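Next come two complexes built around chain A: one with chain B, the other with chain C.
Showing the complex of A and B:
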């Protein structure tokens, strides 16, 4: 049990947030959002990790013969990846449309909605 | 009967799938009728289940029931509030599908099914979020309803504003959702459970709250408060609501934002309210501070808008602040009041958006100043708009007024003042718009600030500017207002709502919700204040016009995604600081 993976997850999340807050390009911003999401993968997998355990697949090992890592968090991570792929694709298509309509993908130059 | 619970999610999702698959071959009428039929069927099922939800229904999907107290299955919980929220979401989806009957421009060629399909996906996500008893599934349904909402907000992809608003909405809400998922992972790490009640029990057996509990609480609440648009997580909301098609605004403001408040109530009540969770005093402090801040900022922003849709969006923020104050008090009576308030607010706000949509499609503008006096021919719409404004201000006997009266009585003291002031300002702003646009009262205002969205020159959402308003577009706001009135006047309705909320929330401490003399009086006071504010604003515009000190507040609403993300982080820190003292001393 080490605290390192948890610190890594926090660091990735904050890096993504920093990138989002200072982004000068909307494609980069959507990428940063995906970075934030990767932090959740790391955190989920770290939660399910057991030292000396193997993958929770019982095709070649007998149940109970070896410890396995928690399969629930892996299922959660898979679901999370699916959700993330959908959202990223949708947001990127919106960015494409912004580029067509505004002629820029720099958030500093989008001045349609204020006040 | 509990086996029918998954249908609330499955039916809209299946309907959406069918519409996407067959949308190419279907004529538009068939696709839209099918969408209406599916959402109506789901609404009927939700109402029927809601009436039979005592004792609460529980369904382990696929019969994966817990063994020896541990579970890997997914649980759906059909109690009064959950089923009530899914009934509300389904009814509003039906209303906005009926309102948008033949409403948009010609849909993309050979894709007549895509709009109703997205609406059904949205409905399915909201119903799922309402009845899920599993925290991870709450995240999945949260993202499902969000993704459908982003797509619907940016539905008119040819409009520059629409895609910008949808992107800000998408980025901020998804960031909130990922924060929530981090919190869920921490809770799973501590308890090894994902079902809400099991997590709560797991936290309690582990002992008192510590840093991990606090971190999980703050992260989960960040996600929910972003959805609820609490200050300072609220910046996405005016941008998204100003640009979304009107029928979508009805859903966003009427029920989606309220799901954030519902989520806070549900998650705190089942997960964090035990001895191993967050002490009640901390939640009370956090939600009261954020709620008052939200109410004040929302009301101020609302008053100074001239873009009518943004004005209504900001009034939603203000009212969410009041919901949060009510929920944060953790009193069973306040819960009843907030539930009634929420039901009444959904009808009124959706009706006001529907009326604004009529203005947009008739005149091609939603700018209060440009529309001065042009709404005179629309007499029926004017009456509905004024009634909506009065209801928003808390005029008895609308449902909003009853809910507010019950909550105010439970809260007492200075918080009552907040309730009266916020509803008076938001109601007054709507009445001011009505007086100027529909009755042409007062001089036409000429002042404008450089840093605002005016709402002039918007594209109508219908094929042509309407010369005659279709009956469906008139009937829907009228019915919604009638529904909101019914919440307040139908005898016994308030009692049923109170009983089901208390059964689910406060462990059987039964209270009753009914009209009282003090409540009616407070409602009348706030209505009179709203009328006075509107009259003053119309006759002496310079007296209540923009002040230099409000300019910074409006500049914060910069339309810049980076700024909004920074505010979300600041809000998370603030939430952590507000909830910290109990952990330190406990």
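Showing the complex of A and C:
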């Protein structure tokens, strides 16, 4: 089954979307966004995989002696993780401000704008 | 919109999205295939510039400009968190009381702290050789400091973690990255081009031209950024109280 890893990424992404749409708590929603994002890690790493290959690091293997997986998507995944972590931190601090100003973290109760 | 209606809309949209995604999956190159043109070229370029860790070469040499953008995202989100989680007018700063720490926890935290800190610095320093680099090592080094909060108390952590110094360090390392990039322009090539320094001997600490420099700048930036972020969140949880004493 050569498409299974891609389907796993799709499944993780849709699970995160379901969580986001049905969330009753903003902290939970931020967690769901992180789940959505982890789908992109799975997808990127699946795209770069090469059967029987090792990590693209030549400190302990001779160049050319073994096939290596695609380093470009691994670097992209690293970027993805860093951006995801910082965005999560920023969103959580927004949630803290919402909780202080409105006294709730339920998105359904945050209907009108308040100054 | 009622909850029921929302679930129906979600189910319809989700089913459509799932169908499109699955169709796309079957149109993709097979998993584990042997054709990776970009990967092969990246490996070739990395070896030509004597950087053993190809991923570091992609991040700090071939895509160094993108990493500058990534670093700016990190810097901006730290800035945003600092602004959002500042102490407001109706809040005051309490002094957290030291709590008794279980002896095994205290011993373990104090033994592991130096080991974790050195591992973090090792991972940063060997970013161009072995798996890891500035991003990963920075996180390890920054979180290692917080073992002191587990092992001792918040005041001990505050003593070894002067926030002002880390804020300056964050800004300095961000500008160090920019200055290294601009040095390439002054030397007559291009911004962030890795042609400034000799490439050195393959698989040694000083190999890879500007890769170790940019890697170190990122390591410092990430470590400072994580310390500042955690400090802001811990301040909210431990120190800052509303005026009526409620946390």
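Throughout what follows, the second predicted complex is superposed on the first by the 111 of 115 C-alpha atoms of A that agree within 3 Å, B and C clash if a C-alpha of one lies under 4 Å from a C-alpha of the other, contacts with A are read in each partner's own complex, and residues count from 1 in each chain.
Definition applied: a contact is a pair of C-beta atoms (placed from the backbone, for glycine too) under 8 Å apart; a residue touches a chain by one contact, two chains touch by 3 or more.
Everything numeric here is computed off the predicted structure, so don't read it as measured data.
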Check the residue A:79 against both partner chains and state whether it touches chain B (first), chain C (second), both, or neither. both
Does the superposition put A:87 against chain B (first), chain C (second), both, or neither? both
Which partner chains sit in contact with A:107 here, chain B, chain C, both or neither? Use first/second/both/neither. first
Determine, under the contact definition given at the top, whether A:13 touches first (chain B), second (chain C), both, or neither. both
Who does A:97 touch here: chain B (first), chain C (second), both, or neither? both
For A:23, decide between first (touching chain B), second (touching chain C), both and neither. first
Can you pull the chain A residues that chain B and chain C both touch? 13, 17, 21-22, 47, 72-73, 79, 83, 86-87, 90, 94, 97
Touching chain C in the complex, chain A uses residues 2-7, 10, 13-14, 17-18, 21-22, 46-51, 55-59, 63, 67-75, 78-79, 81-83, 86-87, 89-90, 92-94, 96-97
Chain B-touching residues of chain A, taken from the complex the two chains share: 9, 13, 17, 20-23, 26, 29-30, 33, 36-37, 39-40, 43-44, 47, 72-73, 76, 79-80, 83, 86-87, 90-91, 94-95, 97-98, 101-102, 107-108, 110-115
For a test of understanding, state which residues of chain C touch chain A in their complex under the given definition. 6-7, 10, 14, 17-18, 21-22, 25-26, 28-34, 36, 38-39, 42-43, 46-47, 52-55, 57-59, 63, 66-67, 70, 73-74, 77-78, 80-81, 84-85, 129-131, 133, 135, 202-203, 222, 225, 229, 232-233, 236
In the complex formed with chain A, which residues of chain B make contact? 72, 136, 140, 143, 146-147, 150-151, 154, 157-161, 163-168, 170-171, 174-175, 178, 181-182, 185-186, 188-189, 194, 238-239, 242-243, 304-305, 449, 451-453, 554-555, 557-563, 565-566, 569
